[in-house]
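Both complexes below contain subunit A, partnered by subunit B and then by subunit C.
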Partner chain A sequence: MAHFLGRRALHSGIALIGLILAVFFLVRLTGDPTALYLPIDASLQTRIEFAKKHGFDRPATEQFLVFLKDVSEGDLGYSLRKQRPAMELVLEAYPTTLALAGVAMTLSIVLAVIVGALAAYRPGGVFDRVGSMASLAGASAPDFWVAITGILVFAVTLRWLPTSGTGDLPYWILPIVVLMLRPFGLMVQVVRASMLGALSSAYVKTARAKGVGETAVIFVHALRNASLSVVTVAGDLTVGLINGAVIVETVFGWPGVGKLMIDSVIQRDFPTVQAAVMVTATAIFLLNILIDLLYVALDPRIRHQ
Partner chain B sequence: MRDQPVLDVDDLRVEFRTGRETIHAVNGVSFQVATGETAAILGESGSGKSVTAAAIMRLLQSPPAFVTGGAVRFKGKDVLAMPIADWRDSCGREVAMVFQDALMSLNPVFSVGWQIAELFRAHSIASGRAADERAVELLDRVGIPDPARRAKDYTHQFSGGMRQRVMIAMAIALGPDLLIADEPTTALDVTVQAQIMELLEGLREEADMAMILITHDLGVVADAADNVAVMYAGRVVERGPVGDVLRRPGHAYTLALLDSVPRVQSKGGKLRPIVGSPPDLARIPTGCAFHPRCRFATDICRREAPPAVAVAPGCSAECHHVERVFNDG
Partner chain C sequence: MKQKTIAFELRSSRLLVGAAALAAVFGVTAGVQSAQAQKTVTVVLSEEPEGLDGCNSNRSTVGRVAKQNIVETLTEIDPKDGSITPRLATSWSKINDTTWRFELRKGVKFHDGASLNAETASKAIARTMDSKLDCETRTKSFGDLKLSTKAVGSHTLEISANKPVPILPTRMGVVSLSSPNTSMDKLVLNPIGTGPYVFDKWTPGQEIVLKRFDGYWGKKPVVEGARYIWRSESTVRAAMVKVGEADIAPNIAVQDATDPSMDFSYPNSETTRLRIDVTRPPLNDKRVRLALEYAFDRDALRGSILSKDIEHATQIVVPSINGHNPAIKVRKYDPAEAQKLIAEAKAAGVPVDTEIEIIGRTNIYPNGTEAMEAMMAMFQAAGLKMKLRMMEVGSWLKYLSKPYDENRAPILLQAQHDNNNGDAVFSIFNKYACGGLQSSICDKNLDAMVAKAGTLSGDERRKTWQEVNRVINEDLVADVWMYHMVGYSRVGNRINFTPSISTNSELHLEDMTFK
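Right, the complex of A and B next:
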């Protein structure tokens, strides 16, 4: 196990370095931040001083080496925008993203498992048809459109929910529902398909012949086998969410890492972009390890390979 | 009590309705099994023997399968008429089943000990550690070495024969009155087959169970069964005590089966394979279903379904040419 984790960490470390390289140089292709941060009538002297202060006057490769040295000392630089350490900004925004992603994913998984399992229990039945339609609609609905329509209907017209920002429960409802659409829709399809296979398997027949009740047949015998493919898809979808749900966070003004990233890119706040990428990449690396461990826990055949 | 059969299947009919056609898998099957008796159901694949077993256990998925007629009485109770939850309560406790392919029939993600102990939990007989201990005892009883350790293992860690032993341990766990073994040795190699049959027979005798042995293997039938019902195209075409039926069959199909396998005491020494292939169950031939492949067939076989004719005491065959077959065999 330690061997496995070590190898995984090594691979992820290499990937992280590649990612940082790409981000560091690509973000510098967006242009010179000096033009954005200084007043339009700033003197050449001020411009040169600004560039010098942030190291933008030096060649990109040299900037990178300085950056690496700083990172190794735990310093990810100061945000150009906020005059605060970039890491501080990211770590402030990240919990709000994680909370949103966590709630949305948990609800999606639970609902999708119930709906998918019941749909598979009577394929072609009323519940199956309604559930499949709903999941297909959810998986294919464009989230930005649903988000804006949701604000229009529930916040502007009906005035039931706030339009944007974060706070107590009402603030969470629209972002969570919009974030759930795709994961829920996709996972219902996955759960249904894998449960169809599991429920028609020979071991389910054996369980019934043993006198095991139907609830246990569905939710213990069949679901435990079907859960393997659900974990694969759920893991993939979670990666999409903890990356910062850029569109949903932007539309709802949710102060998460997705919004922070897009704002920083637009304003050429290089250190913040770099810090945000490093943090989300690390989170995804940890999530992938968690998924691997979950596989091992769920499938004894993997454990003994 | 000996006189009342444990299981009485009467004119059972099952069909599968797919969008386009109806497959007549079981077309009026009747047989009885008494306490302490082993009844074999013999037939090629597609003869309806496994569907019959699944119908008795009420394991058929409906749709597409529908039981369209007949009755199954287990210890006098009408199985097909009772609520499914009531029948499931009898399953495992009073009737148990051993399936053909133990690798597929055991759940791959639960330890075998857990799966055996589940019987005690599902029927509220024991739970927790007590159930686990009973599972270990059962593994020991079916001849699995080091049972306490092996109980924690998973299906893929067992050999084919050991897996089938696990299935048998589950089947006998609650001391059922009837054991249905559906091709219990088909997936195994020959030496292991003999061990498994020996184990099954021993356990059956010990507990004085009734056993239905579903197989296509004449050797298994000859060794283990008391009575045999030969199935073809969803009907029992011949029945009787194993010795009588296999020695001198009255049905052309049974005779053809016997002629198609090598036997030590064979007379001519020449094997005679059955020509053609089993009938399409959506289009069963008229008259006697076997007539297109039968070397005795005459006009009447094509026109009329044969009635059951007594061949010997306790033996009957549904064949128009019982006498010719009997004298030929």
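Right, the complex of A and C next:
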């Protein structure tokens, strides 16, 4: 196990370095940020002085050497736009993204497993049809439209929930529901398909013949075998969310890393883009290792390999 | 088996019903509490300010929070007519062409206890003018104009410039004064000024809070404090005011301004146009430029894809700015005249079949892309070959400012300019003089007039700027004029506040009262 983890960490570390290199040079291909930092009416002389002062006039390779030197000293850059250290901005935003992703994915997985399993229990039945329709609608509904409609219905018309912002439980409901729709819809389909196969397998018949209760047959015997594909899909979807739930963060005013990253790219705030990529990439590598460990726990055959 | 299945389904059903009931109860009981205390206001902005340093208070994101609330200026520009009124200076006089003397208000304290006097004011102005700091006030409004200060009495300050500045009092309306204890080396996130409100706290990503300053020199404002929050989506901002979560959304989109009891339109000092690249054929021919003006049906966009409250523009400054020329007439939509002019140009050998590019900027104003598409179709209908390229701001800026690409095509550049600083000088040189960074024309006679206007004052100055605007419109035809734009604000039912032209960049809490 230690060997496995060490190998994965090494691979991840190499990929991370490659990613940082790529991001460093690619963001600089978008151009000199001077024009975006200064007011439109700033004089040419002011622009030249500004670019010189902040090193934007230097070749990218020279900027990279400065970056490496700063990183070796633990300095990941300073956001001129926000006037704060870039890593501080990212680490401040990341817990919001993680909280949103964690709650949304946990609820999505739990609900999808229940709905998908029940739908597979009686294929073609009313529950199956309603569940499939709801999950397909959820998977295909545009986040932005659902978010705005949700605000207009539940906050403006019914006045049940706040429009946006962060706070106690009511503030979580709309963002989480919007964020859950797609993962829930996709995973219901995956769970249902996997469970259909599992429920018709020989070991389930054997379990029933031995008098095992239906709840145990579905949620213990069949679900464990069906869960590998669920873990795979859930892992992919979680990666998408911990990269930043941009729509939800933007519409509901949740200060997460997704919106920070998009704003930084648009404003050519290079240090913040680099820090955000570094943090999210690390989180994704860790998540992938976690998924690998889950595979091992769920399927003994992987352990033996 | 059958019995087990039924029992399982029943248990499942009970579970689902229970969950639904819980959700329903939760939904009903999760009433939303208004975030507003009795005497404070909540303002929902479109974005979080990048910083709050007083020397950046001319940036609208900073100014709406800080300007005249936390930090104040020596003079203030009246949004109604562009006149100058006292703020931290009580009076001023001209000593010579380059030097003005300001008498400072006595008994004024900064929020940290420091006194406002000639020494502290001098330090604050020097900080703004120092190139060590990237102060937007300096880079935007002063350019190569350098200021130096001298205290000639405890509350008498002389400000000198490196060249004649007949409107220095107007220019001082953009320089906010920060405490002498403010860092001289870096921009700060917690501004300390003399304004009626003290910076209290900033929770990044969440809110900025101001409290009323009990030691304020002026009239005690009714509003005890303010909370600033931000939401990118206009629909959300409008909804927040509607349900009482916020009191003011200073900037909402026209399509969200649907409640006449809450929504106000105001001239926002922005002027839109297509800047004509007069150096490139066929746009170097005046007939073709005039044809563009006649081919544009201004009434078609107003009230359809753009607000019904916008006004036709004929020049770069809005009517409240010194130098606006009301005598310049809007060219009426006349497609036949446009076609005739193009035919004449063609007969004279002008290559009117050359493709002209409209360079647009995404999100420059609401429905800006649609406006460009409509204008392109109008120009095509007049017989010109057009192509539209919409760009994000970073790419568009390359076309806005010099040095221009030598190999560029003939270009019409979608542009918008904001001037609520009281005088045409803040617009004209940069946009139209030979040395102007964003100028696409170079006319020696115009340059001479611009230089002359810059040295004049009073009525002479106004008339000279008016003539400059006439020449640009009628003689040079340097732009396809579009509109003087409007902004929309939503103001909640709890407070009295009327948005004005300055709402685009400032939001004075002291002007607000409760109903």
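FYI, the second predicted complex is superposed on the first by the 292 of 305 C-alpha atoms of A that agree within 3 Å, B and C clash if a C-alpha of one lies under 4 Å from a C-alpha of the other, contacts with A are read in each partner's own complex, and residues count from 1 in each chain.
By our rule, contacts are C-beta pairs under 8 Å (C-beta built on N, C-alpha and C of every residue); 3 or more make two chains touch, one makes a residue touch a chain.
Small disclaimer: the values here were computed from a predicted structure and weren't measured.
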item	value
Which superposed partner A:143 touches (first subunit B, second subunit C, both, neither)	neither
Superposed model, subunit A: greater residue contact from subunit B or subunit C	C
Partner chain(s) touched by A:159 [first = subunit B, second = subunit C, both, neither]	second
Touching partner for A:70 - first (subunit B), second (subunit C), both, neither	neither
First, second, both or neither for A:118, with subunit B first and subunit C second	second
First, second, both or neither for A:57, with subunit B first and subunit C second	neither
Which of subunit B and subunit C A:210 touches, first, second, both or neither	first
Partner chain in contact with A:301 - subunit B first, subunit C second, else both or neither	first
Which superposed partner A:169 touches (first subunit B, second subunit C, both, neither)	second
On subunit A, the residue positions that both subunit B and subunit C contact, one per complex	208, 213-214
List of subunit A residues in touch with subunit B within their complex	200-203, 205-214, 216, 221, 224-225, 298-301, 304
Touching residues on subunit A, where the partner in the complex is subunit C	30-31, 33, 35-46, 49-50, 80-84, 89, 92-93, 96, 118, 148, 151-152, 155-156, 159-166, 169-170, 173, 208, 213-215, 250-253, 255, 259, 266, 268
Contacting residues of subunit C [partner subunit A, same complex]	1, 4-5, 7-8, 11-12, 27-28, 30-32, 35, 50-51, 53, 58-59, 131, 134, 136, 139-141, 143-144, 186-187, 189, 204-206, 229-233, 235-236, 239-240, 242-243, 245, 392-395, 397-398, 400-403, 430, 437-438
Touching residues (chain side subunit B, partner subunit A) in the complex	54, 57, 59, 61, 85, 88-93, 96-97, 99, 101, 104-111, 118-119, 122-123, 154, 156-157, 167, 170
